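Two complexes come next, and they have one chain in common, chain A, joined by chain B in the first and chain C in the second.
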Partner chain A sequence: MAQIIVEGLSKFFQVAERRPGLWGAVSGLLRRDHRSVAALQDVSFEINAGELVGYIGPNGAGKSTTIKILSGILVPTAGRCEVRGRVPWLERHQHVADIGVVFGQRSQLWWDLPVMESFDLLRDIYRVPASEYRDTRDQLIAEMSIEPLLATPVRQLSLGQRMRCDLVASLLHCPSILFLDEPTIGLDAVSRLALRHFIRRINRERGTTIILTTHDMDDIEALCERVIVIGRGTILSDGPLAGLREQLDPERRMKVELVNDERFDVEHARVISREGTMLQLSFDPRRITTPELIRRISESHEVRDLLVEYPPIEELIAKLYADSADSKPAVIEPSA
Partner chain B sequence: MDSTRSPEGARGGFAENVALYGRYISISIMSQMQYKLSFLLAVVSQLLVTSLGVLGIWVMFSRFGSLGGWGLHEVLVFYGLVNVAFAIADALATGFDRFGSEYIRQGGFDRLLLRPRSVSLQLLGHELALRRLGGFTQGLIVLTWGLGHLDVPFDPATLLFTLYIIGCAVCLFLAIFILQATLSFWTVESIELMNTMTYGGVEASQYPMSIYEPWFRHFFTFVVPLACVTYFPVLVLLGRDDPVGTSRWFQMLCPLAGPIFLMVSIQVFERLGVRYYTSTGS
Partner chain C sequence: MSSTYFSAYVAVISARYRGLLQYRAAAFAGFVTQLFWGCIKIMIMFAFFAASDEPQPMSIVEVVSYIWLGQAMLGMLPWSIDKDIEAMIRSGDVSYELVRPLDLYTFWFCRTIALRTATTTLRAIPMVIFAMIGLPLVGAVDWALLPPADLITFLAFVISLGCALMLACAFTMLMHVVLVWTISGEGLNRFIPAIVNVFSGMIVPLPLFPDWMQGFLEWQPFRGLVDVPFRIYTGNIPLGSAAPDVALQLLWAAVFIWLGRRMLTGSMRRMVVQGG
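And now, the complex of A and B:
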């Protein structure tokens, strides 16, 4: 049975409309006009234990609303939601004892305390038995190599260091589900890689279910086998990343650098952009295989360098959003 | 791996919560000691500022001799007691005091809800503000000064009764802080109104209530029962009859309004407030 079940979930917010000007502000104190805004509309999905799912969408699409409902701190307007057999907001205390939540923007550690003190305080808050705590903690500290940081007050840590400590903090009570809300935001390339490596490892070795929201498509590409795309409160797509690619944009990209600045004309290869001898091509692998295209190009042109790549995932997502913007949301069958 | 942990439910036992609170407090003291100089300056400046208030009372009495039938030392007892109690409550309630700005506006409240502990306990654990030691010390000096110059026996009964009054008053002030925080679930703008209640209430209850108009006195007896934890029980302490004519029994029992008010306010905060928050998410 699925670990997380979401069925027909909707959430409407009452938004107060303020009338402009001073008089508007004053009268707003007495009476406000309310407007109902849908943050989520009929959202359904299931997630199995041990999955690593990317949950992506533009700002305001309903990502954090979903995460908040799943973590028990927001009550939906309609629909069903069960996490490990519990309704999160009805049994909040029991529920949150079994999940970990990391916000990239906001640390859960105590600003003035050395990292280790924060960990110890969390042990007490989550009531982790002493021996179990010691094992988990030491293991996580070693895996994340934060040993040298333990005596440092959190306010003195760099963002990357803080993020690693935050991740460890969220795992001290061995949660079965981990929510990561933009964990790599603002990190440098090295920290980003280290963090991805760690996230993958937690998922594989501990079997922790991980739900990751991010704007960084490289995170998704590196980590997630399954991607749920949400836009305007509805699920636009749910399935493996490869499937999403095939359905939306089966084309591949090729960068070609020619030796000579000459006219380029090869069948099945469309020139997207060109700067002197540098060409960006697009082709459909169902019509021509990559080796065949390369052969044809090399036959007719002298090539200095050549690189085949996927179209950036941002473009896929943008396309998905554009499709959904046409009044009624485009439903894309999960190709799993 | 976790379902066996704390099967009795996440709220846990009283002793366990006290232990966690103790841990919060020791950590809070440790953090504050990282800034020793600023701590000392805060204590000293608070001591000086609050002492100005006493100076004001002293000047008034040296000019007029008495206030509605009350002597200087009697008024000092009211004044000292209220300030001791308020300083303690103020030190305990930092988390509630900053609730609107730090937890609601900046979204820190989500984190509290994400932990398997009562949010009130976590907010109490926010900080034990040692800088309130200034107001506390000043109040204590004024209180003992006042009592020392009056015909009040210095015995265990007096001491116990004084502690009882202070305890109940601390509860009431805490309750007011908690209600103020509860209000910030709905609006962060009307805090000024509540400040009239806390700081205005403290100001008002520094003087014997009999000097005020009846409607004012009734407000602070039946709506926000500040008089119940200061004025009425202090009458017992001073061995004076109430110019307004309440009975001794009433004067001795009415401080319990403090703890009752506190329990009610915690329920309002944790039930109404949290329910509202989890339905709006902001």
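And now, the complex of A and C:
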């Protein structure tokens, strides 16, 4: 049975509009035009216990709105939403006791208190029994290696340090579902890696269901088996990352460095770009296998170096967004 | 409702209290300022009382004690808002407050209790020591804060002061709730302190206002913040007739809490968390 069920979820916001210019400002005092903006339109998906799902989309696509509805902060305009059998905004207290939330751009730690006191405060807020709390806390602190930070007031932490503490804070009450809204935003490479490692571990070892929104495609590639893509409030794609690749852009990339600066012409290999002896090729593995292409290239050219890779996932997503920008959204069936 | 139900809220009060206690420099500056103003107010009152032969509704001795209490308890007045709550509402961090298994109004009320008491304790204790013990030591007996007449008067004062705290927090919460609508606290911060200061009796003790205003002054809510507890302390309100005044404090606190809750529920229903 699915842990999270979302069915036909829609959310409209009323936005007050003002005509430009001075006259607009004056008339806006008397009468305001309200426009209804759809943040979500007929969104449906199901997530099972223990899944680690990437939820991606451009700015303003409706990612955060979905997370806020799922965590009981916002009430949707229409549709059904159940998390572990509860409607988040109706049974808010019981619901939020069972979820953890991290908003990457905000902090849940108390600004002027040392980290440890924020943790203790969360223990009291979530009413976690003392011995249980000690075990969880010590384990999380060790896994995230934040021991040296515990006595520091939060305002003195760096962004990366703070985010590590924030992540620990969201798990102190052992929630069965964790919502991570852009947790890696603004972090340096080392912090990102540490965070990813930790997220994967929480998912595997504790079986916590995790929904991760991010703009960082490396996060998705490293963590998520399943990716839901949202654009302009509707779901564009839902399925494994590999399936998304196959449907959108089955092509592979090959970087070739030639010994001589010479004319390059090999069948089935398209030159995307060239800088002297460095070539970027694109080919369709359904037409020509990778070994066969390599054989042909080495037959006709002297090759110094060669590298086969997937097209970067950013390009896939960009393609998906571009498709959705056409009048009718290209809804891609989830692949099995 | 078990004890664990309350322990969460008690923990919030204590955490916020500890956080606010850190600001020692601000407390010291506040203490010096209040001391300065206290002296000026007392000089003005001495001048007033010297200029009039008519019997006044308060004796000068009562007025002096009243002024010192006011200087000590100034931080308890609802003249400011919780900067953290304002920042949270402005930045959208308020999202985090909503994913806690707590009642938001009570949660913030607890934060407010800490706000109103932490700064006050830091300033009140040195102020009372100075005015009650320090001034007589240097010979300024006329200027000193006198202890209450007896223990029962003191207990009545403590009860009334507790009610004043509830009233102050309930009113501060109203300001916080309005903040959810207006996002910025600038307007409130300029407007509210003026009203609170005058009508609570902080600037001039309410009995010294003209007679024609007394009917209104007696019933308005801000009287419960300063006038009631301080006049109980000085004995200007005799113990026998203090009960209705304390009841009035509680009544207004209840009205503000009811109103704040209703407004908060309403605004949460139509809330759009900024940046979402």
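Annotations for the structure displayed:
As a convention for this text, the second predicted complex is superposed on the first by the 327 of 336 C-alpha atoms of A that agree within 3 Å, B and C clash if a C-alpha of one lies under 4 Å from a C-alpha of the other, contacts with A are read in each partner's own complex, and residues count from 1 in each chain.
The rule is short, and it goes like this: contacts are C-beta pairs under 8 Å (C-beta built on N, C-alpha and C of every residue); 3 or more make two chains touch, one makes a residue touch a chain.
This one's a predicted model, so the numbers in the text were calculated from it and none came from an experiment.
On the shared subunit chain A, the superposed partners chain B and chain C overlap sterically. Touch criterion met: A:Cys174 reaches chain B, while chain C stays clear of it.
In the superposition on chain A, A:Arg137 makes contact with neither chain B nor chain C.
Of the two partner chains placed by the overlay, neither chain B nor chain C lies in contact with A:Arg164. Of the two partner chains placed by superposition, A:Arg192 touches none, neither chain B nor chain C. For the contact definition in use here, the residues of chain A common to its chain B contact set and its chain C contact set are 13, 65, 68, 71-75, 92-94, 96-97, 99, 101, 106, 108, 110, 112-113, 117, 121, 124-127.
In the complex of the two chains, the chain A residues touching chain B come out as 13-14, 65, 68, 71-75, 89, 92-94, 96-99, 101, 106, 108, 110, 112-113, 117, 121, 124-129, 153, 173-176.
For chain B in complex with chain A, the touching residues are 1-3, 5-6, 9-12, 16, 19-20, 23-24, 27, 30-31, 34, 107-108, 110-111, 113-117, 278-281. Across the interface of their complex, chain A is touched by residues 4, 7-8, 10-12, 15-16, 18-20, 22, 84, 91-93, 95-96, 98-102, 269, 271-273, 275-276 of chain C.
Residues 13, 64-65, 68, 71-75, 92-94, 96-97, 99, 101, 103, 105-108, 110-113, 117-118, 120-121, 124-127 of chain A are the ones that touch chain C when the two sit in their complex.
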